[in-house]
Amino acid sequence: MDSFRDKIVPVTSILAGVVVVWYVFAVILNAPFQRDLDRRAGETPGVVEFIGKTMSQPKPTLPAPHQVAVNFFENTFLRKVTSNRSLVYNAWVTLSSTLLGFAFGTALGIVIAVGIVHVATLDRSLMPWIIASQTIPILAVAPMIIVVLAAIGVTGLIPKALISTYLSFFPVAVGMVKGLRSPELTHLDLMHTYNASPSQTFWKLRVPASVPFLFTSMKVAVAASLVGAIVGELPTGAVAGIGAKLLAGAYYSQTIDIWSALVAGSVVAALLVMVVGIAGRIVDRAMGGRPA
Amino acid sequence: MTGQSPAVVSAIKLGLTFQTNDGPVQALSNVDLTIGKGEFVSFIGPSGCGKTTLLRVIADLEKPTSGTISVNGMTPEQARQSRAYGYVFQAAALYPWRTIERNVALPLEIMGLSKAEQAARIKRTLDLVNLGGFEQKYPWQLSGGMQQRASIARALAFDADLLLMDEPFGALDEIVRDHLNQQLLELWERTNKTICFVTHSIPEAVYLSTRIIVMSPRPGRVSDVIESTLPKQRPLDIRETPEFLAIAARVRDGLRAGHSYED
Amino acid sequence: MTGQSPAVVSAIKLGLTFQTNDGPVQALSNVDLTIGKGEFVSFIGPSGCGKTTLLRVIADLEKPTSGTISVNGMTPEQARQSRAYGYVFQAAALYPWRTIERNVALPLEIMGLSKAEQAARIKRTLDLVNLGGFEQKYPWQLSGGMQQRASIARALAFDADLLLMDEPFGALDEIVRDHLNQQLLELWERTNKTICFVTHSIPEAVYLSTRIIVMSPRPGRVSDVIESTLPKQRPLDIRETPEFLAIAARVRDGLRAGHSYED
Amino acid sequence: MSSLLSLSSITPRSWQGYAALALLAGAILLWPLVDAAPGYGIATAALIFLLLLLAIEADNFPPAIGVVLLFLGAHGAAWLLLAGITGNEGTARASFYLLLAAAWLLAWRCVTVLSALRPTSRWAATALRLIIPTIFGAWILIIWEAVTRGAGIPFILLPPPSAIGVRIANSLPMLAADVRQTIFKAVIFGYVVGSGAGFLAAIAADRVPFLRRGLLPIGNMVSALPIIGVAPIMVMWFGFDWQSKAAVVIIMTFFPMLVNTVAGLAASGHMERDLMRTYASSYWQTLFKLRLPAAAPFIFNALKINSTLALIGAIVAEFFGTPVVGMGFRISTEVGRMNIDMVWAEIAVAALAGSVFYGVVALFERAVTFWHPSVRGG
Amino acid sequence: ADKVTLQLKWVTQAQFAGYYVAKDKGFYEAEGLDVEIKPGGPDIAPEQVIAGGGADVIVDWMGGALAAREKGVPLVNIAQPFKKAGMQLVCPKDGPVKTEADFKGRTLGVWFFGNEYPFYAWMNKLGLKTDGGPDGVTVLKQSFDVQPLIQKQADCISVMTYNEYWQLIDAGYKPEELIVFNYSAMGNDLLEDGLYALEDKLKDPAFEDKMVRFVRASMKGWKYAVDNSDEAAGIVMDNGGQDENHQKRMMGEVAKLIDNADGKLDPATYARTAKALLDQKIITKEPTGAYTTAITDKAIK
């Protein structure tokens, strides 16, 4: 893989490209409303002035990058990290339930995959229902889950984490079923000749063989987990967290707030995925992985 | 020798047909075979005649579609479950995520041996196949022949009474091969193991075996069984004796008969 | 023969060191080598002495860490890009999602040959290695030797002027091997290809080659170069002539010298 | 008949049988089944016991008959139990649940016996493959029905499956319209475009090192653009109709495909790649002839995960402004109207559609990656 | 102190200022109550929360409450702090809609999730179909914000007097540039924020007494909030409200809906609400016992 140093130039130049396109779109998307405003105010600004105005609306359709950047900077660095307006604080709230849900989800996904691979009855009966469970729209049942959990006294982090779990176990389960079944047949035969127990075959062969699938799935799962945590914040009163910021932003049409919360969410996501990726590479290295 | 000692492998009218996308393939047909304790039996035959398949049936890696087979008086499955045999595959089948040392340790871990015992066996067998110094390498860092030797070491470390070896020395040069042949004979004599050995080399088969089973293809069947008249003690230069050459010639004839192209 | 024809492979002070988790491994050191057009050069040497590595360097699959090498007067990379050679790997490396036929077709598709030409070449080479009738099978449905033959067919179908063959006949029995040896010699004579051939069999090396390069390990280097005095026309029974045996003895001596254990 | 089944002669042959017998005894101790006035008729109760005892005794019959007895006994008893709760809602006592548990254990035994069968004909194998998950699923519904009605759980918290079934039957045209809007427009379009875009991005990143270094970290950022943040923006950009939902689906399905394709492209073996090098095969030839086939198991992973993600995405996106049709619209609206049965009807349809979708992808996977050990049988 | 859990219909904002004020000012404590206020959110249905045992009393709109009552959750209105409806439909003056006669063929933004009944009742009255045909209106399910109007995706949208209306003003619309159809002003209003508890629990005198004290303290809170709107907005902010100016403005508007803070239900509006729901088949039979004046009668002498 490439070193961090190798990545800086490409990442920054692609980001720069994104920003340029973003500005163009900001002007285009904000122009109609600006024209309305100007028409109602009876003004006819010049092109430059008009473009300037499209990029400084308080509630733009698409905020310009610098508006988001300023908002992001203020809410990240200029606020006490304990303030509930601080993005750091809100990101942390979301992150904590993400991580808990991700841990649950990965564990559950692995357990299900192990069951499916080892128990014929489960393979046949459980898988269709797991698939069905994933098509239940989470936002529709999240409130009911939270209501029910609250009724039995479970509140706080756990309900949100459970929604993350629900979303993240599936990629892990699907990937691990594939991964645990991916050992070469000769490798399985070898275990057979040793009369290895299922658990020995599992630990010594299936698990190592499934590692590439596991980490790939975990990248998807950690992202799904974050989405789950954010979704789970809404029906719990949206008190704190990135989801709460998004909701408040949406409710008051604070598009700049929405976008800076989105940026915060994306940064957290990218970091989480990178951490999983790095963990994957460390494991691969430790397993004697051959450089490409 | 066959009659008196109890049968380790006994097959009657064994047959195996694979179902493939374009019709059935009869890999074994009507194989009758008895191997006694302490025998060294070589299987030789044209490529694709069913040698590997036969070994796999003995090892319970493949179920016969007709006939019966017993190993140590049990079904192959029971024999496998009692860890009756060690198997050297035709391809090395090393686990890429384990170093050579850990690969050899694999069967020992599964048997639950103590760390000390594991270490001793690993050292002994790796030295035997001349891989000392490569313990910490991963399989892809070894040459083809070294990988094959590592897989032999792994099977020897397992130390079962029955050894099933599928062309273990195919990728080795003459010198190493001679060396390992001698080592194997020595081990066999010392431990009275029963060995089923697939090879393509006629001299190797003659040099090592008490009995040579010649197979022919389509469908795979036993076409000749040659009892060796060579003494148990076999120095390397026994290979120049007329007795040896006579046996070799007979094997060659049997082999040639099974081939579709005559030159 | 070496001097007069233009050099197909020319290596000067070639060295290659692998970096591994527990220190560097010197796979090749100070290898000087010139192979002329139309030569049949065999490489023989103990397991792990660098034969495969040398072939891989010629094929531009590995970059030397010292010295220089040219192929057809170009860098190995340019030679590879001009599709100067066909390569038979030590392991079969067949693609599991392709039938045998489609595996042999692979290089032909890449070269962009017409369907008719592809079909003709596939038929010809599969017949050559005696795999007619197995066109529609998948690799895992073949025996080890059949897989190896399929991979030989694939390389032959490619039909390059330089053939790099890494123990192509390792998993084949004597009869098939003799047959393929003859086929290969015939092909070589007819087409004036240059062939680099790794083998572990001394008779095979002597029988086939115009020159035999004996290598020795740690670090891998050329320890002896033996020019064959045998005529170009070689019936199989040439292997019993004193001349043949003399060359074989010299190779055996060279080989033994490179081995660490003396028996 | 009654002499055959006199209690003392009952001999179970499985732990499920023993447990069921114990539960039966418990049920007698804790009689009656319900608190309410009408209760269960004596005949009904006796029949329930008879059926359960028959099922417990089933293992003593030849397997073919035993399976049928297990099946009929467990499900007949369950059916009688459920039928009897009508008019007695919310008054079930421990005894009721014990009998239900006994029936469930026997159904479990039935599934175990069925799983162990080695059918000889293809037809029987297919039938078995369908029957086993069906029994499993049926019991989810039976227990759900029994608990919601037995314990009288408020309808607006969780309606019983029977009510949902009735609702589905009565609202077919509406459900069809919603499916058309959500699945046939937003989901399919978004799935194809999103998966395709993730795939192409992975190829681009693979082809151009500059993009690999730059695009992948940014691709990671797209991974968690939370749907609730993105959905309103997409509505803003692409309007109320299905296009904005498709856009959300594209964003949701992009990342799994990107990550899996990147991993899959690294999955081909070294020797196989070397072989391609010896042919001086071009990048694209190597890609199509080696690396993509080798990546197929990973790519199908993504396609499977995406098949359910796309559905969730489209439905949830409809919570944020839609025309007055669509599965997500219906769900959020009917929650507000306390028509929770309609909500579950939509969920059931979504689950069915998702399973079919997933199943189709899985069938393709088997056909395309027939050579992979996981398909050849590992 | 007796514990009471109150589930709000929406996030913390001045719409619920009375309860927060009552809590912060110690009015609940003075009645011997320990009140927990649970904020709501999108798609959280207070009816479900109370049915699941997660709350003793909820803030709900009459439409949702009566629908839930028919579905087996016997909700009873015990007080009605909001006398008027805050919902209205607004259209920009420079758009095609000037009067009710212009609706035909237009696209209108409506909130669902149980908030759509007044709109459908109104259209019913006007004889307009809502299926998107040329002689009816096209209905859009509107989300949290006022973007559909700004984006011109709808010709008119729903707003609350105390909330989204001001977002339009903030977005640059002047009040005189907007045409407002206020449901209360048109006499089409259905009852909004009321307090609801479960009928069977109310039969318990101890619980009833608790509710009497709760309503009394809550209405005291409302009165205080109406009289001290800036301070009330501050209290809302302290409890997690967003955007202080917005809350102040909201408080001012909410005050107009409270009238005199006695929480008494107006039977005429109740009857109209029930009839509209019946007309639209939201409920199938005339509700009985869906409200009680006993609590407010005892609470506010």
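Order of writing sets the chain letters: A, B, C, D and E. Residues in each chain are counted from 1.
One rule holds in what follows: a contact is a pair of C-beta atoms (placed from the backbone, for glycine too) under 8 Å apart; a residue touches a chain by one contact, two chains touch by 3 or more.
In UniProt terms, the chains line up like this: A, D = ABC transporter permease; B, C = ABC transporter ATP-binding protein.
Every value quoted in this text rests on a predicted model; they were computed, and no experiment measured them.
Common neighbours of chain A (ABC transporter permease) and chain B under the contact definition above are absent.
By number of C-beta pairs in contact, the leading pair of chains is A-D. For the pair chain B and chain C, the distance between C-alpha centroids works out to 27 Å.
Chain C and chain D (ABC transporter permease) have Cα centroids lying 55 Å from one another.
For the pair chain D (ABC transporter permease) and chain E, the distance between C-alpha centroids works out to 38 Å.
Remark: chain A (ABC transporter permease) and chain E have CA centroids separated by 35 Å (rounded to whole angstrom). Each of residues 42-43, 45, 48, 52, 143-145, 147, 151 in chain E touches at least two other chains.
Each of the following residues of chain C touches two or more other chains: 21, 91, 138, 140. Among the residues of chain D (ABC transporter permease), those touching two or more other chains are numbered 157, 232, 236, 270, 319, 332, 335, 372, 376. By the definition of touch given earlier, these chain pairs are in contact: A-B, A-D, A-E, B-C, C-D, D-E.
Residues 56, 59-61, 80-83, 85-87, 89, 91, 93, 95-97, 106-107, 109-111, 138, 140, 158 of chain C are the ones touching chain D (ABC transporter permease) in the complex. Contacts from chain E toward chain A (ABC transporter permease) in the complex involve residues 11-12, 38-45, 48-49, 52-54, 94, 143-147, 150-152, 167, 170-174, 177, 240, 242-243, 246. For chain A (ABC transporter permease) in complex with chain D (ABC transporter permease), the residues that touch the partner chain are 2, 6-7, 9-11, 13-15, 18, 29, 61-62, 120-121, 124-129, 131-141, 143-144, 147-148, 170-171, 174-175, 178, 181-185, 188, 212-213, 215-217, 219-220, 223-224, 226-227, 230-231, 234, 242-243, 246-247, 250, 258, 261-262, 265-270, 272-274, 290, 292. Contact residues on chain A (ABC transporter permease) toward chain B in their complex (touch as defined above): 184, 186-187, 189-197, 200, 204-205, 208, 211, 287-290. Note for the complex: chain E touches chain D (ABC transporter permease) at residues 42-43, 45, 47-48, 51-52, 64, 67-68, 70-73, 112-116, 130, 132, 138-145, 147-148, 151, 153, 282.
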